[in-house]
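Both of the next two complexes hold chain A, though its partner changes from chain B to chain C.
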Partner chain A sequence: MSAKLDDLLLNDRGFAFDAVDGESYQLSPTALQLVRWMQAGDLEEAVLLDRLMDSYEVDEHTARRDLDSFLSTARELGWS
Partner chain B sequence: MRVAITGMSRGENPQPGAGIVAGIRAAYPQAFIVGLSYDALESGIYVTGGPDAVFTMPYPTVGAEAFLRRLDEARAAAPFDLFIPTLDAELDLIVNLQTELHERGIRTCLPSKVAFQRRMKHRLADLADAANIATPKTRAVYSVAEAQSEAAGMSLPLMVKGAYYDAQQVDSIDNLRDTAASLLSQWGAPVLLQEIITGPEFDAMGIGDGEGGITGLCCIRKTIVNKAGKGQGGATINDPALTELCRRLIRELKWKGPFEIEVIKDETTGQHSLIEMNPRFPAWVDFPAQFGTNFAAALVPFAATGTAPPPMPDPEPGWFFLRHQVEVLGRMEQLAALSGSGEWLDHPH
Partner chain C sequence: MSGSIIPIKTTLVKLAYVTPTIRRLDAGGGNPFRHGHTNACTQIDGVSVASLAKEFGSPLFVFSEATLRRKYREAHRAFARHYPDVQFAWSYKTNYLNAICNAFHQEGAIAEVVSDFEYEKARHNGIPGRDIIFNGPYKSRESLMRAIDEKAMIQVDNLDELLTLTDIAKQRSIVVPIALRIHINTHTHEVWSKFGFSGDNGEAEQILRRLTTLDCLRLRGLHCHVGTFILDPVAYRIAASRLVELAVTAQAMNLGPIEYLNLGGGFASKARLHGQYLPPDQVTPSIDSYAEAICSTIQTLWPTSQKLPRLYLETGRALIDEAGWLISTVVAVKTRPIQGATTLPIAMAAYGKGGQDLTQSRSAHGKGLSHSLSAYGKNIHTQRGALTHNAIVIDAGVHLLYTATWYQPTILPAKATADPLSATTVYGCLCMNIDVVREEAPLPSLTTGDQIVMHPVGAYNVTQAMQFIQYRPAVVMIDEAGCPRIIRRKEDLRYVQEMEEMPAHLAKPN
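On to the complex of A and B.
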């Protein structure tokens, strides 16, 4: 997990505060869940994909689309 | 404890004094506080919990003799033995009066003259080099003509800064000429031309122990910045790179006393760039005091004893402040007393 991801302070409504650079974000419910899983140590894409399909009862195509979108943004922000 | 403090205005361009008074009151409820003001309309004079006595002071430009004479008059009427000056323009005079103040039994917590001068705006690039810190390309100019010729070698837009206060962005040579003329006439020479770095702005406040260490540090990201570049809101952060920048700077200067360090993080390179270092607390000094990191309270024993206080804990990230304006009220009799005799001794608390 990146240090930046570890430094994010979260609340249950999806508000995220980066304690290092002071930036704040509003996460979608799916992004919030993904950040929490990643903070807990689930970093493998395949694991995250399975957890998305299980938790939200969606097909692989939908889960893959959401995960790719999140990971792309996370990379831009230096979270992964 | 009896302490004198300057910089009581909390209006449009707030000064640190009123926040320092609040911090000291919170830690030392029995303190006797003398407000030294340059204008009877400095709003912090009139707040509940404000100074116990107030004296108007001559502007520092009148010189040391008049300044010390007025300080003696104030002490004769309302004795104090600690003095916390908070304004850049007066500090330029007061750092040179430390012997005179000491002889009077007035204790301060101020940097050496050399350290004070090294952080001045027109010498900031040399200081940044010595501390291995990035800083924007800056030129000091002493006339409008020199401003125009120097700007020819820089790219517009530029920031144009007064010697003590004020910074304005200019995007044309005409604009540069007018702004430089205005700042030269208001604050004197030099005026600084500084390249613009785009990115989020950060601010750090602390106390240097005089031996190269820091006894307390609070770093914020400015979350709301007004047109004049002043932070109207901020949030505490814990950025090891920014903390290291502050430590390097304070170590290089062996800075003693309060400081404010202003930094921009270049959005393209991610590098922190030093914009200014001020020889005082910022106006938001009482923000961390409200969650338990009281810099004004820590400064008092340091000034009184000359011994740096133990290191203060790092503020927890995630606290934020918003600047909040309120109306304070006074009676015309109070204003008349300050405007007439220049003193007001019976502040009702």
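On to the complex of A and C.
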């Protein structure tokens, strides 16, 4: 896990503060949950996909597509 | 009994899903989730959007009979309050589906047509010639002869048409009643000099003098359609004033009597122009303000010794635009990087402050800068510093929404969601880069299969929709009892190919 992800501060309303570079973010409720799972150590895409589908009313097609896009953005931000 | 534990399978209620998104914030940004549910268009005239799409397919044009009848009655009442002799003519080109035309005819509108085809259509709908206003820059000799025979109101557009009418009248030794179309510079927008004779440079008076030498033509009316989507009723005050002047001049030349003035149409609907800063509710004049401008001008200036002329109006857009919706379905979800985005306060821009600070997402389509989000003012999740831009592909496109070139339809999801709005590019389904329905529409996250609803789209889109790459969709009208009825079926291959002919040597591909 990257230091940026480890240091990322979250609140329950999806506000995220990156303590490394001082940037702030707004995460949608699903993104917030994904980041929390990632901070807990679940970094594998397949694991995140399973957890997403177990927890949310979402079909596999949509979940795969959105997770791919989300992880791409997370990687750009150094949250992986 | 063994001591093994049998796992108990439980069924948990899963959480509602919204697209996982990450948006960078600037200092001071609020919590976009505070607004709760976003606006949605879940039903039209009490019929659920989902059921309409399921029964009739997607995309789908939907018209509300109750709305179009209400709009007609409101408009007619507004003019009748101000003027004793008013007659509306339904502008066929705005939407000439027969069911639409007949609804307006049932309300009392006669027909205004601008081509041979539209003339035939009006006659096919049972409108007698005397109740047809025949406009347009091109009327064939044959159609003019028919219009004369059937006593239609011919509004002459140009000198060639006047000469053709003169020729027909002389050949038949008859007197043909006519009206003249005049264009007038109202100084509120660019003058529509394509149509009619100039009321500004002496051309109209010159034609009037010519008419004094032609016993075979009798002037009975004057017409001016100042333009389209006219947001300033003053334009009509100026046009009406000039038409009255010309009528007085004509009657002084012993032409006439002038039985009618026709102020055309062009009244704005609650559509939103590209680049329009304020929302339509704050910009679109009331129909009453147009009525007051036209009627009070005529009544003030018309010679008191003479009977007031009948007032004809040919408004189309203002009656039908808001009665039409387009349902479409999301077929793909994309993101697109924001190139060269600068990030500035949207909320301030919505109230006319900080105009230098508008968010300016440079268009990926070469259409310039888009400020569309800022004008909505509230319930918008700002995209300041967003990393990507949401985009969706829908099963409709600009081939169905010709007016998207000038107007930005409101786009709403067909179901309510707690997801915040963000600027979303709405791509059409055509394999053409120009097929972008909205550069930036404020939408929640959507996924494939979700329906969206575009409004207002009732004016000009059905008549200008083209069969290009895709079939044109079905059109339904929800009647006043709330029952959706097909008024145009979805196209199929047989229909599209019906007019084609195959030379024998090309009958087989090889």
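In this section, the second predicted complex is superposed on the first by the 80 of 80 C-alpha atoms of A that agree within 3 Å, B and C clash if a C-alpha of one lies under 4 Å from a C-alpha of the other, contacts with A are read in each partner's own complex, and residues count from 1 in each chain.
Following the convention adopted for this analysis, contacts are C-beta pairs under 8 Å (C-beta built on N, C-alpha and C of every residue); 3 or more make two chains touch, one makes a residue touch a chain.
The shown structure was predicted, so the numbers you read here are calculated from the model rather than taken from an experiment.
A.B. asks: Once both complexes are superposed via chain A, do chain B and chain C end up clashing or fitting?
C.D. replies: Here the two partners, once superposed via chain A, fit next to each other without clashing.
A.B. asks: Contact-wise, after the overlay, does A:V47 reach chain B, chain C, both or neither (first, second, both, neither)?
C.D. replies: The answer is neither, since A:V47 touches no partner chain.
A.B. asks: Regarding the shared-chain residue A:A19, is it in contact with chain B (first), chain C (second), both, or neither?
C.D. replies: First partner only, chain B.
A.B. asks: Based on the superposed arrangement, let me know which partner A:A31 touches: chain B (first), chain C (second), both, or neither?
C.D. replies: Second partner only, chain C.
A.B. asks: Quick one: is A:L9 in contact with chain B, with chain C, with both, or with neither? Answer first, second, both or neither.
C.D. replies: First partner only, chain B.
A.B. asks: What's your read, chain B or chain C touching more residues of chain A?
C.D. replies: Answer, by number of touched residues of chain A: C.
A.B. asks: In the superposition on the shared chain, how near does any CA atom of chain B get to one of chain C? Answer in angstrom.
C.D. replies: Value for chain B versus chain C, nearest C-alpha atoms: 6 Å.
A.B. asks: Would you tell me the residues on chain A in contact with chain B in one complex that are also in contact with chain C in the other?
C.D. replies: Common interface on chain A, chain B vs chain C: 23-24.
A.B. asks: Note which residues of chain C are touching chain A in the complex, please.
C.D. replies: 14-27, 29, 31-33, 333, 335, 381, 387-388, 419-420, 445, 447-448
A.B. asks: For chain A, which residues count as touching chain C in their complex?
C.D. replies: Listed in rising order, the residues are 13-16, 23-31, 33-34, 54-58, 61-62, 65-67, 69-70, 73-74, 76-77.
A.B. asks: For chain A, which residues count as touching chain B in their complex?
C.D. replies: 7, 9, 17-24
A.B. asks: So in the complex, the part of chain B that touches chain A is made up of which residues?
C.D. replies: Answer in residue numbers: 200, 202, 220-221, 223, 234-235, 237-240, 265, 317-318.
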